[in-house]
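One structure, pasted below without further comment.
Labels A, B and C are assigned to the chains in the order they are written; within every chain, residues are numbered from 1.
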């Protein structure tokens, strides 16, 4: 195996120095020429974070993201809770694409316990994960539109996202936070008319994507605002550890679904959309293309889904007769009490998934009791925060919302 | 990218020739640092345990090998053994090495955990190390900008993620004081 | 010739009162601005697959939403921050509004009747007064002790210079064709030859784009960019002043489109003076207001289509393309004037 390297050591140190260099304008005192703008949490263009920007005239000289306003200490709270109870907790930060994050956590728990979900459950998880991925991309596109001032893009994005949420409601019973994936399988089976409804929904989204192209992607003002803004070169993206569509818009075709396939992804054919320019327009475009790929994945998964159990036999072995009856009649899983207080063996497990915004990492250290000893959870937005510091300087004040919207940073997901 | 068998993500791995070759090269390049290398039973995570003084050297050798970014830098608190374990997840964007995650563990002394910052080898560790510092108290020497990331500026108390930081429940009538 | 009307004082005073306070003055402003803002929100709602304002007066589609909004702004607490320059803070929006509305007193809007203040070069007077309004907008931003308001004022200053100049050049170039600076005579000249739009399309285009910028319509809503500066120069205002700040853009739109319709679309044509003052007054004004409303609706519809430009892109556009087009308008006018 040839280990291909694309850099040598002194290039690396030069690049590190270049990355840490702040653009010098000669004047550093605040009040003389620099204005410190606090685009704070109570601002229409900032989300749940504060962006501190030092501005010389109209050019941003230095930018510092101040995050942590919605830090909910998920990692610390999970040390006091049983493994099952952490599933809704883990869902809450990344509120838009909840299912891939839940799948990651449950995969880590399953690896600890040594059980595996049956194939039908894996396909159901994949379908729901792709539905939420489309919803999450629409949210990202809507936020990009509203930060540019394009209220039509915002309303359309949320309206189209509603179609996906209705589909998820049909499958799981809840709109956004499902707690659908449990160790060993899923909690409900899909209803009879689900494949037809999914097909209707997907055809509607495909029609809407054509409208989007006319209104948003070919809009001359949008192109002026987004082209050549916030250019992220591939070398810089690799060094900074960027993940998700931001990375794929810079030319690196890294996707965890292809690199380390989980659930049903290695039986489904899909492509990874990659753009070369790395500017804000490319990042928006990659999200649109990924929606198309997700539509194709859902179609294939609905066609290929096998029959069978939706919960692993190691768990259904623990059912009492009432639970077995409910499972046989309505295909819903009720938790046996042993699952609620499960004690995995001592050890560690790690899982990675591709959420809507990038790669999420889960690492659980268990000491044999009902609560995890340490639960480490890194979300893609937390890895993308560094772009605020290195991408914005050199651009104008009006580019701050444009770049923010294009990297699709979601503060609750980053703060956990 | 389809395979004949069912999805393999949680099954035991069969022999993987790429992994063997990578482990050979890794062993050969880092022999003198005396690491303890092991793989998990699913064949995707490579655990390396190493002592703290040699951590930076190991990081440099790994980055020459192609491991070009860090996914997570954090700690695990073991108060009973008086140690804090520094847990680093690193990976690579290169096509041949994408499927592996390198997990580096290194033990630090709990009373004053100090280690050398990895930001000159892996710039992606910058914000991760800030979080590790504010949560565990691990001081990274050479970090360009070590300050609070997630906690508010007026937070008082000990390092939150250590085991001796108790989450208190407030009872009715109690006034909230600064955390212990 | 302009028919000044019966020179007895009561008739003149009655007409002046009606012109300033009812039609096309404050009464028309109130009704039209309310309807235009409602139309903007309704059109945007229909394009965006939602209802738009519907709750307040269901049977007429929510048209009285703005009345409810205005009542709410009037009753809201008006907070004056401590560190602002109080005189400037309180006077500047009022003065901006004043200078935006005064030109109505100079405009002839009906055939055969003179406006309340009639001077021969009334086009020049209108342009001069209306260009004073942005100065007070700049003062509001600087008077509020807020960095975002300050940046909003700077943007307004840049854009004011780069877009008022082409506007004035293009309007004056049409005056060049007709050979007069009197709005009444301009309309009469249009009734004899073609409409202003056909005589000098460059000037019409430049004037319309400049109107979009001056009144802050998309894609030029730059000084009050909501996702970058909270409300631009008006960030620190609340209560009734906030209502005034929101309405100022639309009132300026009304006045500018009145001017545009008189100069380019023929004002109150196709009717001409019939001798009956009341008939002339009502019909002439209504035709003029219909033309102005169509222009306002087009300007307001662009909210649903375009995002906003960046400041340097807009300024560059103003100084390159728009200025060159207005130069072309002047050249075209000279050619036409020599022909006609």
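Operating definition for what follows: a contact is a pair of C-beta atoms (placed from the backbone, for glycine too) under 8 Å apart; a residue touches a chain by one contact, two chains touch by 3 or more.
Remember, it's a predicted structure, so these values are computed and weren't measured experimentally.
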Chain nearest the overall C-alpha centroid of the shown protein atoms: A
Remotest chain, subunit A as reference, centres from CA atoms: C
Pair of chains with maximal C-beta contact number: A-B
Whole-Å separation of chain centres (CA-atom averages), subunit A against subunit B: 21
Length of the line joining the C-alpha centres of subunit B and subunit C, rounded to whole Å: 62
Distance between chain centroids, defined by C-alpha means - subunit A, subunit C (Å): 47
Interfacial residue positions of subunit A with respect to subunit B in the complex: 1-6, 9, 12-13, 15-16, 19-20, 67-68, 71, 73, 75-77, 80, 107, 110-111, 116-117, 119, 122, 238-241, 247, 252, 254, 258-269, 348-350, 352, 359, 361, 363, 365, 373-374, 376, 378, 382-383, 385-386, 415
Residues of subunit C that touch subunit A when the two form their complex: 44, 47-50, 147-148, 151, 218-219, 221-222, 225-228, 230, 303-313
Complex contact set, residues of subunit B against subunit A: 1-3, 6-11, 17-18, 21-22, 25, 40, 42, 44-45, 60, 63-66, 68-72, 74, 76-77, 87, 89, 93-94, 96-99, 101, 103, 119-128, 144, 148-152, 160-161, 165, 167
Complex interface listing, subunit A residues touching subunit C: 35, 37, 43-45, 58, 145-153, 155-156, 159, 215, 219, 221-222, 224-225, 396-401
